[in-house]
Amino acid sequence: MKPHQDSPLLEVDGLRLDLVGADRQPGLLDGVSFSVSREQTVALIGESGCGKTMTAMAVLSLLPRVAQVMSGEIRFQGANLLAMGGRSLRRIYGAQIGTVFQNPMSSLNPTMRVGKQIAEMRQLHVDESGAASRERAIELLRLVGVPRPDVRVDSYPYELSGGMQQRVMIAMAIACEPQLMLADEPTTALDVTIQAEVLDLLRSLRERLGMGILLVTHDLGVVADFADVVVVMYAGQVVEQAPVHAIFERPTHPYTAALLASMPQIGRPRSRLAAIPGRVPPAGAYPSGCRFRTRCAFAKAGTCDAQPVDLGMVGDGHATACLRVLEGSLDPADLSGADQRNQVLLSGSES
Amino acid sequence: MTTIVPGPTALPKRRGAMRRLLQARAGVISIAFLVALVLVAALAPWLAPHDPAQQSLGNQLQGPSWDHWLGTDGVGRDVLSRIVHAARVALLAPAISVGIAVVLGVPSGLVAGYWRGRVDQLMSILADTLLSIPPIVLAVSIVAVMGPGLTTVMAAVGIVYAPRLFRVVRAATLSAREELYIESANSIGCSSGRILLSHVLPNVASPLLVQVTLLMGFALIAEASLSFLGLGVQLPDASWGSMLRAAYDDKFRAPYAVVPPGVALTLTVLAFNTLGDALRDAVTARRRQ
Amino acid sequence: MTTFLRRLVRAVVVVLLATLLVSAMADLVPGDAAEVVAGENASQEKVEQVRVQLGLDKPMIVRFVDWAGGAVTGDFGQSLISGRSVGRMILDALPATLSITLLAALIGAALGVTAGLVAGLRQGRLTDRLVTTASTLGIAMPGFWIGMILVSVFALDLGWLPATGFRPLSEGVGTWLRHLILPASALGIAMAAEVARQTRGGVVDVMEQSYIRTARVKGMSMAGLIRHHVVRNAAIPVVTVLGMQLGRLLGGVIVIEQVFGVAGLGTLAVNSVLRRDFPVLQTYVLITTIIVVGINLLVDSSYSWINPRTRSR
């Protein structure tokens, strides 16, 4: 079935995930929904432990046995990945969905030459000879900016620098010209200068191949530079979703505002780095209602602890899960200016 | 259906803690077993229902009965009593063997690993040589020189296992030494001996403890093998190995007489092995912290 | 290449030393072959005569060098007790030991690696726990006791297989196998237990690695994953344990021969020690040491082939 240009490539719809087994953790992911279209870059952002990696693993069908999907769908080109058998999935991953992981050194097989690992990707999905795959691998290495690709094709991973290894991973991911790329913290493990190079590479490839990209990251700087749409996650829930400009200029959720405030910025008057007080609640011990309310300067009893949380539209392509903003008792403009730290210190945290 | 794969994920550390608990439980059980065994061995004369040496020629190779829980052996002796008494050998023999192996292997391993050079080369060649000879042949040769008997067997087993300990200690010393080079730059004036004792030894102690525990099990099997061959414990004393020999000689009359001594051996070796594994896990866990 | 040469030289030195060491030890044994040959009631002079005849009056080093010189050309001397050519004695005893050992190695490797692989792939599930329990038990059980139990059940109780002896191939493959199964299984099971354990460990380590995850998102099937990614990376601990266990088989077969009443190399070796038959003992140690050292050499050399990272050292 040929997908329409404007129908989404990837749709995560109401994903609910529990951890079963010895340490039960219900509601690890609670109603996560977002979509990625062709030529669109969606950034999934949040602190560690917010569930963004778990979501990515669900999209990749890499969930551990103890993680069970309770409800929801993950649709790729209209078909629910969660309902598909192994053989169908294997035709999608690699061919239509390419993946780049965080740590390239450990994500590459140390005993196999890099060229062979790239060629292997071709061999799995494309009917071509081994020699042709190898030629393609060399081309791909050239494309991702690896110098002397005809020599490097026979290198082992440990012979390459971190930046080179990540380029190899990217080459592998795009080897079959996938429609969607999933990048899980692709630049986090790299030196800062190399990060910029790799991002540039991804940008050029994105244009060239027209891929949709799902970028999982905690780095707001990367998001600002690279994403079209931002999905903010906290404690297993999506708390805000908006085009990238809107997120930075007009956040509509206290958590997003606090996240932005905690970013060190050149040009700001010198002050103490604003940190979000408190800690992410351990899974299984989530507060009722809004999961952020125990750390939120704007939490109001009766509203934030009572109702179930859902995303509501507050603008063009802009949705928030803040109950107070949605009911109208909180003006988003108040979020950016407020000094979160002082507010919490004054009002104390509510349980 | 989601395709599940075992792989690295952001999974709770509690699963590791669960496994450690189980291991700890296994370790606890094996310690309990070994303590019980020591008690049995120590209190053998009071615990054994019969005199282990008393023959009863009308009563040979009886199966289990109320009077003889594990039956009788080829000359009518109570199997249970013999097993209980032989527990002493089952604990002493490995202990002394491993003790000898420690005395021979540990200091030499320390010296070789720390000072390296010619001394290390010579010792390593000697260790490799001893290790290339099939252990049984080496042990039999030693026993042949010294004459059969339990003491000889213990010495033989100790000598056979010494090179293994040498290797472990040498390796641990080598790696400790690597780290020391950095420290040595700062600790000027510290005598080698002191460095060895206060820095190397603690590093070596943990893998050594693990190896020693595991070796106890192997030493027990080695003693049993040699006694089975007739070279170890001499009559009328019993070890589980020699009991196996006697039982096997009577196999046509009583095919399952080999079970009790073998079970005793297996359980004891199992206890040592489990304890050794639990120690190894505990040591690696601590190191990771 | 130079590393290999260095290792080879060392190996030769070890072999020589081992043979020398055991001969020296046998020399220390009180009494000597002359007494055995001359007989219980022989007079002192008779024993002396025999001693000179056998060349036992010469110092050990001289005897050893003589023997070694001959050994290089393939002449391993004569048994001091029977006078038979040592080479001949070894060849006569070889088929039995070789058959048992090789079949045991086959059983041990095939059973152990397969069980370990399956257990490692299904980590935490029932299969894994069964394999782990079985291998833990198998390691704790003395190998010769396993043999005894097999005899008790399959030979004495059920009567399916013979309890003792070895029959050469010339008597037919069926007969040859029937007599081989129990002793080879005893050795093989003991070996498989340890091999399974190490293989499982290696496979588990590999499966936890990120590159397995990468292979998965490439759309690779489990079979392809095993073939291309697991095998090579788990190979090192597996090859190591196989090498070690093959060495231990040589020792284990000695006791198994006793259990099953087989007149093989092991029995020959033990008797030669007890009867101070030096040429036989020296030759036996030479052969087994060469085998052990050879296996170690192969294993060490294979590391750099398996894991390219070790090459740069």
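Order as written gives the chain letters A, B and C; numbering starts at 1 within each chain.
We adopt the following convention: contacts are C-beta pairs under 8 Å (C-beta built on N, C-alpha and C of every residue); 3 or more make two chains touch, one makes a residue touch a chain.
In this text, all values refer to a predicted model and were calculated from it rather than measured experimentally.
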Highest-count interface - the chain pair sharing the most C-beta contacts: B-C
Farthest from subunit B in C-alpha centre terms, which chain would that be? A
Rounded to the nearest Å, the gap separating the Cα centres of subunit A and subunit C is 56
Taking each chain's centre as the mean position of its Cα atoms, how many Å separate subunit B from subunit C? 21
Mind checking the centre-to-centre distance between subunit A and subunit B? Centres are C-alpha means, answer in whole Å. 53
Contacts with two or more other chains, residues of subunit C listed in rising order: 209-210, 213, 216
Going through subunit A residue by residue, note those that touch at least 2 other chains and give them in order. 62, 86, 89
Shared-contact residues (touching 2 or more other chains) in subunit B: 3, 5-7
Can you list the residues on subunit B that touch subunit C in the complex? 3, 5-8, 125-126, 128-130, 132-138, 140-142, 144-145, 147, 217, 221, 224-225, 228-229, 244, 248, 251-252, 255-256, 258-259, 262, 265-267, 269-270, 273-274
Per the touch rule above, subunit C residues touching subunit A in the complex are 209-211, 213-221, 224, 228-229, 232-233, 306-309
Subunit B-facing residues of subunit C, complex: 10, 13-15, 17-18, 21-22, 25-26, 28-30, 123-124, 136-137, 139-142, 144-145, 148-149, 151-152, 156-157, 163, 207-210, 212-213, 216, 247-248, 250-252, 254-255, 258-259, 266, 269-270, 273-274, 276, 281, 284-285, 288-289, 292-293, 296
Could you please specify the touching residues of subunit A with respect to subunit C in the complex? 60, 62, 86, 89-95, 97, 99, 101, 103, 106-112, 120-121, 124-125, 156, 158, 169, 172
